[in-house]
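Here chain A shows up in two complexes: once beside chain B, once beside chain C.
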Partner chain A sequence: MIWCSASQGVPVSTSEPRNTKSPRLDFLEIQPLPTDKDPVPDKPVTAEKRETAESMAVRQRDISISEFFSKNRHLLGFDNPRKALLTTVKEAVDNSLDACEEAGILPTLKVEIHQLEEERFRVCIEDNGPGIVKAQIPRIFGRLLYGSKFHTLKQARGQQGIGISAAGMYGLLTTGKSIAVTSRTGSGKPAHYYEIQIDTRKNRPQVITDKVVDWEHSHGTRVEIELIGTYKKGRHSVDDYIRQTAIANPHCEILFSVPGCDTPLHLQRASTTLPPEPRSIKPHPYGVELGVLIRMMKESSTRQLSAFLQRDFSRVSSRVAQEICREASLKPTANPRSIAANEVERLFKAINTVKIMNPATNCLSPIHEEQILAGLKKEIEAEFYTAITRSPAVYRGNPFQIEVGLAYGGSLPADELVDLMRFANRVPLQYQQSACAITKAVLGIDWRSYGLSQSKGALPIGPIMLFVHMASAWVPFTSESKEAVAAYPEIMRELRLALQECGRKLATHIRAHRRAAEEAKKKSYIEKYIPHIGIALREILGFSEKSENDLVGTLKDVLERSRSK
Partner chain B sequence: MIWCSASQGVPVSTSEPRNTKSPRLDFLEIQPLPTDKDPVPDKPVTAEKRETAESMAVRQRDISISEFFSKNRHLLGFDNPRKALLTTVKEAVDNSLDACEEAGILPTLKVEIHQLEEERFRVCIEDNGPGIVKAQIPRIFGRLLYGSKFHTLKQARGQQGIGISAAGMYGLLTTGKSIAVTSRTGSGKPAHYYEIQIDTRKNRPQVITDKVVDWEHSHGTRVEIELIGTYKKGRHSVDDYIRQTAIANPHCEILFSVPGCDTPLHLQRASTTLPPEPRSIKPHPYGVELGVLIRMMKESSTRQLSAFLQRDFSRVSSRVAQEICREASLKPTANPRSIAANEVERLFKAINTVKIMNPATNCLSPIHEEQILAGLKKEIEAEFYTAITRSPAVYRGNPFQIEVGLAYGGSLPADELVDLMRFANRVPLQYQQSACAITKAVLGIDWRSYGLSQSKGALPIGPIMLFVHMASAWVPFTSESKEAVAAYPEIMRELRLALQECGRKLATHIRAHRRAAEEAKKKSYIEKYIPHIGIALREILGFSEKSENDLVGTLKDVLERSRSK
Partner chain C sequence: MTKKSVPSKKPVLSGSKMVLKAIRTSAQDIHRKILARKKPTMKFPVRSLSNVRYHPQRGFFEIAGQKKERTLTVNTVKTFAQTLRMVALSKELIENDDIATKREAYYVSKNWEEARFAEQPESDTVMDDVEAYFGVNREQLGFIPEEKGGDVAGRLIVIDHDRDTGRKLRIDCTKFGSGAYSIPISVEQLEFETKADYILVIETAGMFQRLVKHNYWKKANCILISMGGVPTRACRRFIRRLSDSKKIPVHVFVDGDPYGITNIYRTLKVGSGNAAHLNEYFCVPQASFLGITPQDIIDYKLPTHPLKDVDIKRAQDAIKNDPFIRHHKDWIRAIELLLKMSVRAEQQALAKHGLNYVIDTYLPQKLRHPERFLP
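Coming up: the complex of A and B.
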């Protein structure tokens, strides 16, 4: 077998052993190699020539991002009618909450789902946010990859500027109807009403209607989308999403009307305090890559390397900048735009050898232990609750923070897989559970050591509701539909530590609970016999009834004291 | 509780019951609703106003697709150094194989991985394909979403025109080095050498070097990328990918050199016949959506509705076109560009009521049962093999075909989870196993009824290697990194049927095997006593040794005949 072991030649990491089930390679017979002169046969070996470089070139062309996503709509969460309805509501609600919070407004949302035909719905989401400037309305709702959050490093629900225009595009594709937007930026301003269709060939908005309307609200935005969908209750439902959103966003008020229900559901604010507004930060030097560093230096407005490092990165003081330059053997006064390629590489290596403070974490806004506990306690009748908010950590230069809540026992079913609620930047994640770093972290823990049962490769079984939240300036989702978090090692580590901490607390509770139960059982046995001892002693020693009662009382006292230690 | 039951008002589908673990909603107190006049509070309720519509508008802007993917590179399979190396090889190999097959050339590939530093590699992939026309080289390697396969409906490995430019972009980001491409389209033509860097802000190529070079090959393409990566053997390794590629592409020859190995591995062709070239097809009417239909009609070059239906769709004969028009109450001679919105909707509904032949399936090129069996038999020492190629089916108008192979027993370990090899359009899928429709289908089958053991929510346990292939004109991957297939109901159904068919064959084998084993056990018991019967009879009846031997022989004969029925 020619497959070489790693021990020959250059050292190669082989820490992961070859899977024992890996089939053999030796069936692939070893043949004398073609000579170096002609390793590639000179001409087509078989078959009629079907295509040439020229005939292929004719068909090679640009693909617009909207064409791409309209064909790959499952990437955005429009795989099926049921998910499409949920995704549409979700994208609009996420945007509304982000806008309200950015403007310092306590969010009040109206979410309406009107059923037009069996599979045809009109979704309306209205907020009391700051509204949208007229010129931006068509771009925001009629163009994929357009937005304000992509180039900013801070915690937000939206990231990429795709979601709501994709929902509008899906509506257009399935029903031919425009997305309708009403928006007003203040009481002195007019309310604008737009009907917009995305031109998928160009990824540009086509404005169908543009007029000023009367609107009873002084500021806010209302989005209406008609689409093919399915409305169902249960797991992965819009109802579930709205309920979980209310749990993770206690400062938010939601009026929610669904088909088949006359009165809208009114989810009250549980808190009138807005979460502290996360601040946007500059990239951290540890997260930067060589290629990005080269581009940043080319594009920098600074004239000196030291100033570049201090101004374009976070956590680089004058002292740190000097140290980096010294390590890289570069002058702090050098012009960043005229540094040679090999010098940039030295700079890059130097950055990673100098100790730099962790990124600022005021770009994060975690939910916090008390709020998680409050949410769980309101939610679930259990006998034991615990919650952990880990300190912020960093992956690829991005700060993030993991929080875990756990409810155990009580009304939760004891013989089912644990119920896992996943959140990212306060947004409930509904689909792709198995692909998510959160799920992988839960699966990777040996829950049997915390007193639960668990089969190989499966979630543990027990009366447990797990709440896991990742807050980050940039959540690395596994797809644009933002349903699962990618498993970066740093994230997995924090998840594991948080879950283990909750697990240990749970184990202590389960053990104590078991001991207490056994204790109580023993006690009840002994208690049962005390009156009989009283009776026997009275008969043998001729005690009065009072002495007997005293004795029984004393014995019970002693039992109480000795057994409750 | 105000949450209404579905029985009130409009009928709503509730086939999926509310999850029993779903927490209660009644903690959310019901309050009098705000009046209709003012459902949204008139002004900000708390906090200083932090942002306004105007201040937000300043930051709202375009995001280029390359910026998007460079920040979201895990979507493309560049999550970590190890996966990045695999993805780079994979994208280049996929392109090479596609190009060779399209040009009718038996592919010979050279795959070289050179280790430069501990985590720095230079990957070179060379093919004997048709080459690339000079003008197209920078676009194909320096621009995301550029290619020939996106707008064509036929089975191909590449689909979206992202892969190889993304690999080049990753190399540039992590090492600052250009992607280097050498290509030649024929012996009379010059070989062009390019060094290209993608400008991520604009998603456009920057040509660093462009020259004519001497090249020993008359046609083909060589791609070189320097990148940060990790080379490891074992599961998810490049070695595994190359091996599985050879299995699913027996017509392909690969020379593979890896770090730490002096002689390249030579994977020989197992067949000198190219798979039949899949033909590209027009979209099928059943898969079209209202919005797409509207656009197609607007853009059609035909003047008559009937001609439009016949020319722009597959499987629409003149008779079918007439029938659709009649169902929609539209004139077959109407101009498709001047049909009103509500008329298009009628046409759309009519299409789905008329019986139309399934799409042509010559756009598919399955591997076929014999080839799968041959691959498995070469691969694995097992006692039982089976394979199924299902007839083509259709999801969202796209034809697809499912194939399953299974090897059981022999050298496979009996007490581990089954080993699942997944393929899409002959490309092995390495990551995201749990998110894949293939895995979900395997999990969804009750393997215990086929004689295997299986825990809740886990793969079955047993000495089994499963090979599952999906061939399609458009594989719906769950992400751009093409690691998992999306779970469309039609795909899940075909997967289930194919797996069940293999399962039943396996069950028959296991049962027969078990019966045979028990039979053999009984036989061996009886056989043990026959000589003793002979001895006893000789002693009692005074037999000669010959009679005894005859008797023993006869008894053995009888046993053989009666027990082997």
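Coming up: the complex of A and C.
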């Protein structure tokens, strides 16, 4: 009901294929789902049996993941045409940046949005990344939940391997056009051009075109998707997203062309340092769930509980392992595979009573204060900048790190709500602001004590741009469309502390600024009002104009001196 | 009940020359200080209830010693400049024998560029400061108030002078019919002729109208004066001069509420905190309080309204801080009774017993026992 309903303004022709290159559209036929109008009586009117368990069993079968998402596209960020365009750009850019950084290449991205019709666009994203080997291209772009990032605990923009293939799927479903991919892995290698479609029933790629082409670049990937969308400026716009990406990734260069603008916008590189490569880590014992613990013990290759704890978790030394075993009243030499369920529960509880070092943080790649400042200064004209990177912390065994940047004054509008930019692993979060832990943390702070005005339950008001970044091996998003961070207490705490620290720095600046303004005002007071004392005394005493001038001069001097004391 | 009348003082208008001299002297003082590279200072008496003393013998609020200093610094430069310009304006007015209302003075300041006043209350405050600084009446500085002085009817002949010819004008206050004589802004030049037994001072214009309409003054052989709320300086001065010169008692008839007692009556009798430096002239120490007393509310079974929060605060504040109320046990008892009943009664509440009950019953009954009046 979601993909093809006319009310959504997504015209899809199922009768005549637009493309003679045989795009298969038969899977687009949608069976009507029961609607609210169908009567659903609480109790059967008659005792007659309509279905048997057996007859129902005939219809019970696997649901393909692609089929599921094609019916629930809002979960992936394709709820409306405007958001669909943004999500498509975003998924492609995220992938490109991840790939470049992993390969140690300073990213140069080309983002093009071509308007074909009123609501029809062609989005092209090109990077100078390492490219993709030929055999993988169809799988990466033609299959949901296929990727390299899901199984490792490591900070990356992408997580599940849904994004780009979902964008391709959306494009296909709304325009009937395949996703086109050009990729080359090196100067000695050929460039491959693919046109791929996704078979939603089977969650398998279908290659429509596969050929070798000439390509000007020695390595990199170009993705082209045609889709129904809406291009608008302002909040939640692609422009906003690109700008924020440039702020959070000062090491990347973006050439951005939009409809109605001849020359592409060139967002310069502000730093030539690549962020250090994050490493994958083993899970940390804190916060690992009981079920996960049981599974890990079952699957462990170790023979002894103590060794299991040390080898399959991070930050467990032999001393810590002994302590956990003692707390759980379990033998360190016990075989992890033969421990009873109630004993695992004891172990689970014991883990949380033992003090364990925080997880290694080299799996995190924070932006760092100076890079945040570089990004902010590059894109925002303000009079005061500050940034803070907190030490890493842990929620549910996942290391994470909070960073906050702040720009104040200058060209920023003074009487509007604070412009809050949220980032997770360097990716700007555009939607669901109010559901996000970052927003909640900002709202939870009394900004009035830092010299801003704030109404109850609202964002503060002032010429401020707030930049909040959460880096984590696993960012807890509230949904697959990755729009809002879940509010774990540990995350809230770190956010609050980081925001407060920035707030204090801001308050110092504002106070100094006000003092200076006050000084200037007082100085101008002398200039303004002393002459009137001269005028009044002259009117009363009737002395000469020269005496008046002398008097005013003397008085100004006396007051200036007393002020500077 | 007659109060010992206060010996009459020298008229306030002691000559504009004195004021001009005082202005010159202070300006010279400031000028000298500046040339000596010192920061000039102006000293003002603190104008508030906290800085007054009640003199039972003399019968008015007298300013106590507290003074505030305004030294010329960066922070005070604006007010200092404005004060001096106001003094200069005053000098000009006196020299040209002209006057300016408070509002006009405010508009004159619009010529002062940055030193202009944004709102009239600002210029009024500076004017009051100047007045207190020189210890004179603002009329002597050439500034006159906007407000009306009060209305008079009854057995009184006011003797004024024709501005052009200087001839004496005899104004018979019995001959205004249903209207009344208006107290002028300056009353120092007036003389009086009367054979009235007492002066009845009334808070509201409504009650005044009723008494005038029914020629109450004829029957009671008295002078009726309407204050219309807190009495203006001119009104206070008029009553004072009339009472002093003709030796007749003053009875005050106001609403039975904290405002009527502690603001209107108290200001009439002993003056205000704000003009404490001038109270000596602008008060009527011989006045006594006829009603409506808290006891009247009970005795006459008057319809009442509950005290509002501001009333309660005002009453409590008076018991705690007002030197006049604190001096009189009778007043403390009366106000405490009012607070205990937590009600207030207006003059017009007497209409419950008939519109002319006040004329036929209430006033005659009260006047038979002046010893029961509150001090």
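What we mean here is this: the second predicted complex is superposed on the first by the 460 of 565 C-alpha atoms of A that agree within 3 Å, B and C clash if a C-alpha of one lies under 4 Å from a C-alpha of the other, contacts with A are read in each partner's own complex, and residues count from 1 in each chain.
We take it that contacts are C-beta pairs under 8 Å (C-beta built on N, C-alpha and C of every residue); 3 or more make two chains touch, one makes a residue touch a chain.
Since the structure is predicted, the reported quantities are computational estimates derived from the model, not experimental observations.
Ranked by how many residues of chain A each touches, chain B and chain C are led by B.
Using the contact criterion defined above for the overlaid structures, shared-chain residue A:F68 touches chain B, although it does not reach chain C. In the superposition on chain A, A:L265 makes contact with chain B only, not with chain C. Contacts of A:K546 after superposition on the shared chain: neither chain B nor chain C is touched. By the touch criterion stated above, A:K355 is placed in contact with neither chain B nor chain C. No residue of chain A touches both chain B in one complex and chain C in the other. Considering their complex, residues 23-24, 27-28, 30-31, 34-35, 37-39, 72-75, 77-78, 80-82, 84-85, 87-88, 91-92, 112-115 of chain C touch chain A.
Within the complex formed with chain C, the chain A residues making contact are 522, 525-526, 528-530, 532-533, 535-537, 539-541, 551, 554-555, 557-559, 562-563.
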